[in-house]
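Each chain carries a letter (A, B, C, D and E) given by its place in the written order, and its residues are counted from 1.
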Amino acid sequence: MSTSIILLCLVVLGALAYVAARSRAMALAGGKPSALHSRPGYYGAYAAIWSTLPALIILCIWLAASPGIVESAVRDAFPDDVKAKTAAEQDLSYSMVATIARGMNLLTSDEISALGSDTAAIQAKLNGKGVPLAGEPQPFMIDAAKTLNAKAAGSRMIMTAVVFVLALGGAFYALRGIAPRFRARNRVERVMLWALLVASSIAILTTVGIVFSMLSEAIRFFAAVPATDFFFGTVWDPRFAGAGGSSFGQFGLIPLLLGTLYIGFVAMLVAVPVGLFAAIYMAEYASPKVRSLAKPLLEVLAGIPTIVYGFFALVTVGPFLRDLSAQVNGLLTGNYGNFIQAQSVLTAGIVMGIMLIPYVSSLSDDIITAVPHALRDGSLGLGATRSETIKRVVLPAALPGIVGALLMTASRAIGETMIVVLAAGVAARMQINPFEPMTTVTVKIVNQLTGDLEFTSPQTLVAFALGITLFFITLCLNIYALYIVRKYREQYE
Amino acid sequence: GAAAARDQIQVAGSSTVLPYAKIVAESFGETFSNFKTPIVESGGSGAGLKEFCKGVGEDTIDIANSSRSIKDSEIEACKKAGVTDIQEVKIGYDGIVFATDTANSDVAYVPADIYKALAAQVVVDGKLVANPYKKWSEVNPKLPDVEIAAYIPGEKHGTREVFEEKVLAAGCKASGATDVIAKEISDKAAQGKACVAVRKDGAAVDIDGDYTETLSRIAANKTGVGVFGLSFYENNADKLKVATVNGVVPSTETISNGTYPVSRPLFFYVKKAHLGAVPGLKEYVNFFVSDQMIGPEGPLVEYGLVAAPDAEREEIRKNVEAEKTM
Amino acid sequence: MTNIVSPIAGTISKAPERRDIGIKRRYAAERRFRAYGIAAISFGLIFLAFLLSTVIRNGYTAFQQTVISLPVEFTEKTIDPDNKRATDPSVLIAANYGALLRDALVKELNINASSRPDVRGATAMLSKSAPIQLRDMVVADPSIIGKTVNVTVLADANVDSANKGQIDLAVDEKNRKVNDKQLGWMNELKANGALFKEFNTGLFTHGNSSRPEAAGLGVALVGSLYLMLIVLVLSLPIGVGTSIYLEEFATKNKVTDLIEVNINNLAAVPSIVYGLLGLSVFINFAGLPRSAPLVGGLVLTLMTLPTIIIATRAALRAVPPSIRAAALGLGASKMQMVFHHVLPLAMPGILTGTIIGLAHALGETAPLLLIGMVAFVASAPSTPLDPSTALPVQVYMWANEAERAFVERTSGAIIVLLLFLIVMNLGAILLRRRFERRW
Amino acid sequence: MNMLTEAAVEKALDQKMNTIPYKMIGQDVSVYYGDKRALFDVKLNIRENTVTALIGPSGCGKSTFLRSLNRMNDTIDNCRVTGKITLDGEDIYDPDIDVVELRARVGMVFQKPNPFPKTIYENVSYGPRIHGLAKSKADLDQIVEQSLQRAGLWNEVKDRLHESGTGLSGGQQQRLCIARAVAVSPEVILMDEPCSALDPIATAKVEELIHELRENFTIVIVTHSMQQAARVSQRTAMFHLGNLVEENDTDKMFTNPDDPRTQDYIMGRFG
Amino acid sequence: MNMLTEAAVEKALDQKMNTIPYKMIGQDVSVYYGDKRALFDVKLNIRENTVTALIGPSGCGKSTFLRSLNRMNDTIDNCRVTGKITLDGEDIYDPDIDVVELRARVGMVFQKPNPFPKTIYENVSYGPRIHGLAKSKADLDQIVEQSLQRAGLWNEVKDRLHESGTGLSGGQQQRLCIARAVAVSPEVILMDEPCSALDPIATAKVEELIHELRENFTIVIVTHSMQQAARVSQRTAMFHLGNLVEENDTDKMFTNPDDPRTQDYIMGRFG
């Protein structure tokens, strides 16, 4: 039975269990719901959970585990000469066996027996069914594939049986356990709590996934380039080695890191004051009409694709700043030379800052609005002006939330790519002038990953090293930020 | 999962080849109404080949587009994953041109000028020094008296290698810098690299984006010089003025007959194992290399591809027919 | 009203000496503060207006398309000379429909049919998709053969640009995509009413194409719709569930601190890294197909989760404890307290997080690059497992096209993307307003 | 412990009310907020169908004790309760006990009015709804009306049942909270200064309601008004600095208290 | 209107206090919350250095009137005030008037304790600091100590001035709010049921404080305790359903009110 049909059956079974348990509970209570410990719906949910959840868990585990078990069984049956080969070659053989097995499932049993062990014919036949094989299969593979299919089918049959037994057993068990004083709600809520726990574990799993999806390639990078050259190098020039350096090039992280922090800092310099003041105005001064209009409008800024901002920086903001600087310079010194480059830290920072405004404003607005009114009354009643109230009472009370919002904004600034590419360029330089171009870690990650470079060379692999390094750096920053927030948190009410 | 067999060709790789592959894919879908239009991913030659070398099977891609030939290490990686029989198909050439804003006067470069203007180190008075030139006219009095600002392909681009090899290295040699470098640097590999190292003081700007970005940069800085693909230039001839190299105006003819020096071949790679299995794949490859597509009259050339000479095309087709692998 | 100060009743007290509480200075500060607020909002809105007006100015023309209406004679001789269509329908597909159009155009413009350059110049004015259009007409209804029908076909992108005045006629003829002769023909057709602009429905229905005039956002729209549905359906419950667990149930200890830091950190992970994750987990490990909206949706979900979680937690934290106490005191379980009282009160904040998160997801290209969604896809996906692209991808790809006609389409696509965003947000904003209440 | 219990039994024998069974028994109840100890070994029994008033100066731990009777203290992170409290003989701090069920049986009205930001109707009907006390909409309507009437609020709000509960005045809000608690018909009702926001008339009504409820319910009320304690309660307990100073019949307490501190407090000599 | 004023004048002649000047005069004050009218043409004068108590059943508009005296109603979105209120003869609703200065002169203590989520010290020093009343840190320290002492809180908190104000018990919180208001030394202090969260001892302290403050300040207090009104005030005003029923000397009010409704209310006949 296919997985989706099993799932469908489970859903139906769960629904039936729900209805049955609910009416049984009602019957036991004599139609008086207050005689029950929990509302009747909870009894229904309890039975539904018992009838589906264990079965589902077993189903998932089985589906995840059985291919591995079948694989090892099939591999054990490989001829000795195959087993003598390297692990990589065995892997290849197995993947071919798996492909053949998959292909055979598309054939009728008559076709299979007609083919016998004619390997070339099998390849042709499978090709005809749209299943490509890397080469002509060896005879042992045909048998192995047949074993694989047989074992897989057997496993599936047992699984189906187990799942249905579990489902029916669970439903029966739950129905039998129902009694008026039975604490169905507590049980259901415990399952809900577990569901919530599982939801929050997804964040952890994501982290694990990110680390693992980068780790192996990062290790390959560090095998080629010494870690010290990477972490402490001050030159980023992957194709040109410095005097006496490695044979690949210079992979200095520091200029990228500085660029990341610098551009992020300028962006925050724009976004934080503008966003915070906008939030304060919307929450404290603006009429509901203005607020309900301005807030979603500002939120549009967050929704514009960053590539649009990028071109905006490239075509409009950059040249504008350059010409402006030339004018200013001319007025001051008489020399009409521009001191701001068209692509610079400043350009990228400003444009990115604009993109980040709604992150600060919308979140802070919600947080400021949530500060209890009594606090404002208290301050106003003492003769404070509105702005004093905001500065001294409302903002401090809202601070933990606002810091959270700012953290998220900063995070977004660090992770942004397109704007930087177009507004600040891709040149990794180490300098402190905000009017000159610099670049960021993320830009290099994207570029090294998506270029025409050889995918096996350190030049591409460095992207993974950069990714993992950035990941740990931001992790440290976040830990520090949490510490700061904890220290200054003020609880109201 | 044991999904049903795939009925759509999957292609990934170079963004330079993408427009050509797109045209072919679209025409293929229109001409062969029994096959679905192939999916052509962008993402770079490296990423494309990486996917290509993941293995054989309907859950892997069939074709990798590439703006450079596959490297040995990549073939090795392919082999490790079971991708043994790879068919290399050259589709033509990509011309690389220098262009400025139309408002500028005509420019004519020789590689030596470009080398002197853009190299990290140049020879002055027989010594290797950090590039001192600020204006083109300092490099060569015949060139315009404007600040050097060149928008060259970033290091992630395959074009960069061609630029280094065909322009900088050639200029290095022509200007006689090679000898000085050979004297000052002993390591052979480092000598070659010194020739093609580009200055990093802001006069030469790496562009990691596409040619549209270069175009925008030139629009923002009218005296700048950009490096473009021939096709891109031809589509924007009203905004750009092309420069001659060694006195030759770049065009499909001058490149294909070899007089214009800066060009590179474009390829795609096919998994032989997929040829019989993925419906339409064989037809697609044949269709791609037919004169109807890559011939001098075909839509690819109209878009800006430099067609390979007749004999070469014939050779390509023969190899495809024979399913010749690397 | 002066008579209230009756001499007999209590007199009005004399005001005591005023303390100096710096009223002037403080009011100036107040006004400044307020002005900062107005300035901040105006700054944001002016930039928005500027950005939008730029986009719209560049892109509004994309919503119109030049078409040419021609009386096409579906001559049997050209389509099916050997009259085999009854037995072999494929002849209808292979037939030379371009010739029909060429003949119609030659006749319409009175061109000397033997002048090859002229004929080529004239047929170049029609889209290369036009023959396909005729073919589809004939395949759908073979009885049309032999008749003359007025067919409206797409004009070539260059003609379209020229018709919209986007081609600089001052440029030398040979550096121009439309030559003077073609301009003359265009004017002639225009005068006859055969060449005109109409609303560009193709922009919303067609798949991607290498021909600007035929390229549309159909695939991208469906793809983005799938993506957003998946992101919404997954990230909202998971995000809210996580936040509820961390905020209401988890005991505050090192482990929850770790999770909190971890989530904040995920928000800082560059989006392309999520692409790497998606590639290795969903495609390589779980075996899901490339270029599929399902995978894209999963990747974007993971990317959006931190945003939603952070916003939701802030919103939950802002719900007054007295409400929780009230519910618990009535004998509500903690679950009931959360779902009946706390969550509805936190809804505005949650929706804000969702709006921002979804907006971010809607505009993101980088992670899609690695899972194969930045691709040329011609036909719309029918399930979330079929290859597809998304709106920002289409913007990204069109922005990189060499042909000039894609410039307006790029801006047009951005406009559509923003409209999509607005429609999507409108729902959330209306919901948010319903939940918004001061207490 | 045994000794203490014996002493308590002896004391109980001395009293007139010794025939009334205990609804709740508190033994050596101590409460800590983090390191800070707010209650010191309080031993206080609550008699069935009796109104017990808790009095004492501000900050002496009245609310803290009250909240430990229905485990509302569980919701305060760093709050820890030791000792034993039973309800009908069951230890309410037993891990097996269902705190939700406990709180449905031991209802609570808080010091600060805290209506839900929902309509008045929803505020009152919430409890009955989650506990399944009403079979039909009509049932529910009736419970709502009855509860509001008992809380003396019905006439003021009957025309705006579907307006927000937070729009009421302070006094009205508190009465709404009382109505909400009463609607669940718990066995014990804990009230933390329920009348501190009410005017005398409304207070009188609530006191009357308390009187009426006493027939079926056990009530514990914290009040800072000695008069109120005298009016409504049969038993009074006096706290000071986290200690239970004295627990006695209300009549006795206000006329002839055993503990000199009670005397002093009632006479207004300290606080 | 004229007639009413004349009647008031006659009434005033009858009173003993007619020599005390008016600090605030309210004429025909009506307050609307959106469409709902909460006060109907209230005419009430506040005498200088006098404690005026506002009494009346819950929801009758006491708080509303009080809040209109320092324009705290401005902060409620849909609230509108008509009529005229003057402070020392100046119309406080005049567009030229400065609400900040007004509120610094007319301070307020609220019904629900609302300490800022800051330390106790910062809570009290907040007002003096924004108004620049202290020249030095020592000055400020002194103001803080004095205010806390006046509010009867000093001994309880002097060792933890730098802990959070929200960590105090309800009663302590309210006294902190009183200290905070007193610290600005306003001319008029409005108190909205300031003692509703306090125990009798603390209440007595606050009442004493009110007594003490009366020498220098004008005080308006809303209370639901008739006893308290009788104890602390010299004048009492009785509200009912948004109308001012009667305003009179406290003594007279509680012994021989002019209006039968006052009589009824004091006797507990309605509410």
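The rule we apply is simple: a contact is a pair of C-beta atoms (placed from the backbone, for glycine too) under 8 Å apart; a residue touches a chain by one contact, two chains touch by 3 or more.
Each chain and its UniProt protein: A = Phosphate transport system permease protein; C = Phosphate transport system permease protein PstA; D, E = Phosphate ABC transporter ATP-binding protein.
What you see is a predicted model; the values in this text were computed from it and never measured.
Asker: Give me the chains shared as neighbours by subunit B and subunit E.
Answerer: For subunit B paired with subunit E, the chains in contact with each are A, C, in label order.
Asker: Quick one: which chain's Cα centre is the longest way from subunit E's?
Answerer: Greatest centre separation from subunit E goes to chain B.
Asker: What is the chain whose Cα centroid lies farthest from the Cα centroid of subunit D?
Answerer: Result for max centroid distance from subunit D is chain B.
Asker: Give me the ID of the chain with the smallest distance between its Cα centroid and the all-protein Cα centroid.
Answerer: Per-chain C-alpha centroids compared to the overall one single out A.
Asker: What pair of chains is linked by the most C-beta contacts?
Answerer: Of all chain pairs, the one joined by the most C-beta contacts is A-C.
Asker: For subunit D versus subunit E, what separation do you get between their C-alpha means, in angstrom?
Answerer: Measuring from centre to centre gives 31 Å for this pair.
Asker: Averaging only over C-alpha atoms, locate the centres of subunit A and subunit E and give their separation in whole Å.
Answerer: 57
Asker: Whole-Å distance, subunit A centre to subunit D centre, using C-alpha means?
Answerer: The computed centroid separation for subunit A versus subunit D comes out at 50 Å.
Asker: Can you compute the centre-to-centre distance for subunit A and subunit C, using the mean CA position of each chain? Integer Å is fine.
Answerer: Here subunit A and subunit C have centroids separated by 22 Å.
Asker: Please set out, as single numbers or ranges, the residues of subunit A touching at least two other chains.
Answerer: Subunit A, residues with two or more chain partners: 185-186, 311, 372, 383, 385, 388, 449-450, 493.
Asker: Could you say which residues in subunit B touch two or more other chains, in rising order?
Answerer: 43, 47, 209
Asker: Indicate the residues of subunit C shared as contacts by at least two other chains.
Answerer: Residues 21, 26-27, 320, 322, 333, 369-370, 399, 439 of subunit C each touch two or more of the other chains.
Asker: What are all the touching pairs of chains?
Answerer: A-B, A-C, A-D, A-E, B-C, C-D, C-E, D-E
Asker: What does subunit B use to touch subunit A in their complex?
Answerer: Against subunit A, the touching part of subunit B is residues 2, 5-7, 14, 16, 43-47, 49-50, 53, 55-58, 66-68, 71, 73-74, 76-77, 80-85, 154-158, 189-190, 193, 197, 200, 202, 205-209, 213, 216-217, 219-221, 271, 273-274, 276-279.
Asker: Help me check something: in the complex, which residues belonging to subunit E touch subunit A?
Answerer: Within the complex, subunit E touches subunit A at residues 70, 72, 75, 77, 100-105, 107-110, 112, 114-118, 126-127, 130-131, 164, 166, 177, 180-181, 184, 186.
Asker: Quick check on the complex: what are the subunit E residues that touch subunit C?
Answerer: 2, 5, 8-9, 12-13, 17-23, 25, 27, 45, 47-48, 84, 86, 88-90, 98, 100-101, 104, 130-133, 187
Asker: Considering the complex alone, what residue numbers of subunit C touch subunit D?
Answerer: It comes out as residues 252, 320, 322-333, 336, 340-341, 345, 437, 439.
Asker: Mind listing the subunit B positions that touch subunit C in their complex?
Answerer: The touching residues are 1, 3, 8, 10, 12, 15, 18-19, 21-23, 25-26, 29-30, 33, 36-37, 39-43, 47, 51, 54, 59, 61, 102, 209-212, 229, 231-232, 234-238, 299, 303-304.
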